[in-house]
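A short worksheet on the structure shown next.
Labels run A, B, C, D, E and F following the written order; every chain starts at residue 1.
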Amino acid sequence: MAEDVSRFPVVDVDGLPDDLRVRVGQIAEKSGFVPNVFRALGHRPAELRAFLDYHDAVMERDSGLSKAERELVVVATSGANSCTYCVVAHGAILRIRAKDPRIADRVAANPWTVELTERQRAVVDLALALAVDPVTFSRVDLDAARDAGLTEDEIWDIGAVTALFALSNRIAHLTALRPNDEFYLMGRLPRDQN
Amino acid sequence: MAEDVSRFPVVDVDGLPDDLRVRVGQIAEKSGFVPNVFRALGHRPAELRAFLDYHDAVMERDSGLSKAERELVVVATSGANSCTYCVVAHGAILRIRAKDPRIADRVAANPWTVELTERQRAVVDLALALAVDPVTFSRVDLDAARDAGLTEDEIWDIGAVTALFALSNRIAHLTALRPNDEFYLMGRLPRDQN
Amino acid sequence: MAEDVSRFPVVDVDGLPDDLRVRVGQIAEKSGFVPNVFRALGHRPAELRAFLDYHDAVMERDSGLSKAERELVVVATSGANSCTYCVVAHGAILRIRAKDPRIADRVAANPWTVELTERQRAVVDLALALAVDPVTFSRVDLDAARDAGLTEDEIWDIGAVTALFALSNRIAHLTALRPNDEFYLMGRLPRDQN
Amino acid sequence: MAEDVSRFPVVDVDGLPDDLRVRVGQIAEKSGFVPNVFRALGHRPAELRAFLDYHDAVMERDSGLSKAERELVVVATSGANSCTYCVVAHGAILRIRAKDPRIADRVAANPWTVELTERQRAVVDLALALAVDPVTFSRVDLDAARDAGLTEDEIWDIGAVTALFALSNRIAHLTALRPNDEFYLMGRLPRDQN
Amino acid sequence: MAEDVSRFPVVDVDGLPDDLRVRVGQIAEKSGFVPNVFRALGHRPAELRAFLDYHDAVMERDSGLSKAERELVVVATSGANSCTYCVVAHGAILRIRAKDPRIADRVAANPWTVELTERQRAVVDLALALAVDPVTFSRVDLDAARDAGLTEDEIWDIGAVTALFALSNRIAHLTALRPNDEFYLMGRLPRDQN
Amino acid sequence: MAEDVSRFPVVDVDGLPDDLRVRVGQIAEKSGFVPNVFRALGHRPAELRAFLDYHDAVMERDSGLSKAERELVVVATSGANSCTYCVVAHGAILRIRAKDPRIADRVAANPWTVELTERQRAVVDLALALAVDPVTFSRVDLDAARDAGLTEDEIWDIGAVTALFALSNRIAHLTALRPNDEFYLMGRLPRDQN
């Protein structure tokens, strides 16, 4: 039922403007279902369009962080923000991108101390500093990232993904956005890793 | 000097792709200067473009909250996030939009208790709950907004502006974005109110 | 490898004193594996014995809260404490006890606002108040639980489970206790619900 | 009056099962009174029994931390948790064990900065990290303890005492447990030091 | 030794300017010793003089709050601020003023939930709101105090005492001010109550 | 209107006792208006007198910190405390003393990360530690200040100013003290710098 998906009006793919119907339709075809975030943002097409553009600009970029690392930033900061939709949906994507059925639960449960590689740890530390405590974010945080070998380009990527999901988390909290049932199991079984 | 503006590469208007050069040029013409945020985001044109689109979608929308109320949300949440660029730059815009030379300093200094009209208070309370404490954001916050007479459409506006500036604040913290000198005095003198 | 399981010495079932070997052996037989918490506590048999006794006293009690509700308290408070072992291990048990493959991820991601029945909400609210903010725990918290229909006996159960896992969470944090791989998937597939 | 002692049913020594009546009786004989915690837990004999076993396992252990150091952990973490019963009751025991009439008030008032020996400071720092901020407890905390010369065995002791009193504090907060009047003055007068 | 008393220079009574030597001398005669705060502030006579004047203005005032209530505000807010000197020194005065040997330890251990009369509770709640969380102090806090029957004059007294000890606590934290040994036992024995 | 100035009774200069009328009159003559804090404190002449004495002792002292540095401490700690009156009034004075029309807005918006000289940074860091987090204020904070070259005398100045405005901020929060309109623009225009 629509009211389960969001506290605000929900739009099905067929109700979207042409460009968005095509764009969300392609995502749905690939995933096998329409992620609820698109149905919840759909009643404001201009906002959905800008969100998709921003998302593609920072999540689909070719250079810089790997796609698994971008999802790591999303799950770590969404875990720190207790954002259920983003933890469950991007947890699924992280499992698939990292080819690791357990990483998302571990990162979401405790992003601050989860055991990671040194590079992953630096990525997550920078993201958490900016996501959770922007008031005191400083050169010290940046220098720690640089000392771990992250480039300026990668650091911006971490910042940009963190910033986008600061937005995205708040939309999910505003709407009490319900994760699609499909996300919970994605990437947990051996066949998902293929 | 560019290095004063941001910790990351800065692009002048002439260095932007055509569409962005036109778009930022128009803003510069209206303001009398190029707000530094555009120069700082300019080295990632796709991100600047998506940011401008999102900004226009939630800040320039015709119905729902008034433009002064949208700026009130920006200054209150940026004040709570101690985001210097957003407080100084949008403080200037709020002074002008609200035709009040003192409101921005009062809101930024203490958004939690600043004396406002009942409607403004409800707008700011909802925005602060989502900006600062999204983890416990709940139906209670929404019901308080509804009880104060805010419509569902206005509530979404508050949420969308808050979410966008959760992103924007973090970009400003990442870059240590310097407010243009011009912002500090805008809207403070009687002639600014015309 | 043992060093992956805990930061401190680990004892296999065969290395335990007789009574504990029998007792942990029975748990292992039922689960199909030895939960790592018993191997980590095993180097201090007196503490493991007292832990098992306390656990049985509050988790296996016949009256009061249902077993699913007891696991709900564990997952909610361990989620609030970002305790990976307890979230993953007791998340599995909660899925099975509640016959719901998605409840544990939702509760762990955000115990404060997860949608629950009114009774479950009251159980979790009381547990969170005591787990996270004991300093200001007061009659107000108890009265809210009573108003939701919880009995004095059930309220004590909530308090006792919360208190035991305040202990248990800290042992897991001290040892960086690794959840057994088996827990991640338990209770997620239809056959697990039988 | 019983209702002053706890918000829940209270049991006198004579109302306890045989084994507990003997055990608590011996404590009462030594102290000169029945500490209220036993009367408050007594209505759940299995929980009181497990609590006494856990308590003896970590507080009466022969090797590792000294008994005064164990009480130091209790008073420091209970002070940080603002747990009145534990501060007053174990403050009395600390004064006696440490043969220092002023240490408990100083530790309870401000465990974070109270002046202590270097070893005591390391003990308290580790305990506070685990008691108050388990979410970010990490190898850094352990390494600081090791650098101060604490052994792995002593570190586990600190963790175990901290964990037990995380439980104990929450039982005291749940019940609003009243300290016996006798505790307030114990160990303050010269003759107490004998 | 002087260096135990404060991290900064200490002045004995004889080293004070005439007016302060007389004034502090009278206090010392009444107490039987020179409270360390006067020795620590003495190296800045103008500040000690202003402190004594402010102290007398708010603590020795004839109308409004009773003297025991003023000390209750001091101990509650100093307890919340973990200020050892103020807790120990004013805890002694509170015991004497309230003729209750246990009240200070109870208030200092947990000012938020300590059981008090309804009027005392209202006094302490208002003081804690202003001491600990001034950022969100609002009309709601004042209305709660008024609803409990406190007059405008008494409310100002609570505010003024809280404000003065916000200053005083910080001087004690700056100097690591050591409480005189005499304070620890004052007001605890029956004869002290006469 | 008086009720706009404070939640409590307000006294005009003419209503003050002789010594205060002269003293506040001189300030008014110099400023061109009567700062509202004096009208709000005036109904308790003994407290206003002690406040003025304390203020002069720490703000008008000849040696130690410069006057601009003292105002920097006031604006930084008042910004951290979200104290509107002190931010607006002392922001004006800081602009004038530092001959910098933008420093106050930058410091108040984010005292934790505002770019300052190394000496100013050390002054502000020490002040913030004591103002905001006195509970954990320690030798580490003092050593950082000393390492930056601050003398013991200057460090006391920072502590004393911070302590006085911990008091002053709370009086302003208690009274919802309204900044005089004149403060908002003072020191922002070139002629103010003369």
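Heads up, the rule we're going with is that a residue touches a chain if its C-beta (ideal position, glycine included) is under 8 Å from a C-beta of that chain, and two chains touch if they have at least 3 such contacts.
Keep in mind that this is a model prediction, so the values were computed, not measured.
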Fewest touching-chain hops separating subunit C from subunit F: 2
B-E, B-C or A-B - pair sharing over half of the C-D contact pairs: A-B
Chain located farthest away, centre of subunit E as origin (C-alpha): A
Subunit B onto subunit E, rotation angle from CA fit, given as a multiple of 5 degrees: 120
Furthest chain, CA centroid comparison against subunit C: F
Which of A-B and A-D has more C-beta pairs touching across its chains: A-B
Distance between the centres, which are taken as Cα means, of subunit E and subunit D, whole angstrom: 29
Centroid distance [mean C-alpha coordinates] between subunit E and subunit C, Å: 44
Gap in Å, rounded to a whole number, between the CA centres of subunit D and subunit B: 51
Junction residues of subunit E, two or more chains touched: 82-83, 110, 112-113, 135, 137, 173, 176
Contact graph of the chains (line, ring, star, complete, other): other
All touching chain pairs, where touch follows the definition stated at the start: A-B, A-C, A-D, A-F, B-C, B-E, B-F, C-D, C-E, D-E, D-F, E-F
Subunit C partner contacts - residues on subunit D that touch it in the complex: 7-8, 44, 46-47, 49-51, 53-54, 56-58, 61, 81-83, 130-131, 134-135, 137, 139, 142, 152, 156, 159-160, 162-164, 166-171, 173-174, 176
Contacting residues of subunit E [partner subunit B, same complex]: 135-138
Residues on subunit A engaged by subunit C in the complex (per definition of touch): 79, 82-84, 87-88, 101-102, 105-106, 108-110, 112-115, 173, 176, 181, 184-185, 188-189
Subunit D partner contacts - residues on subunit A that touch it in the complex: 110, 112-113
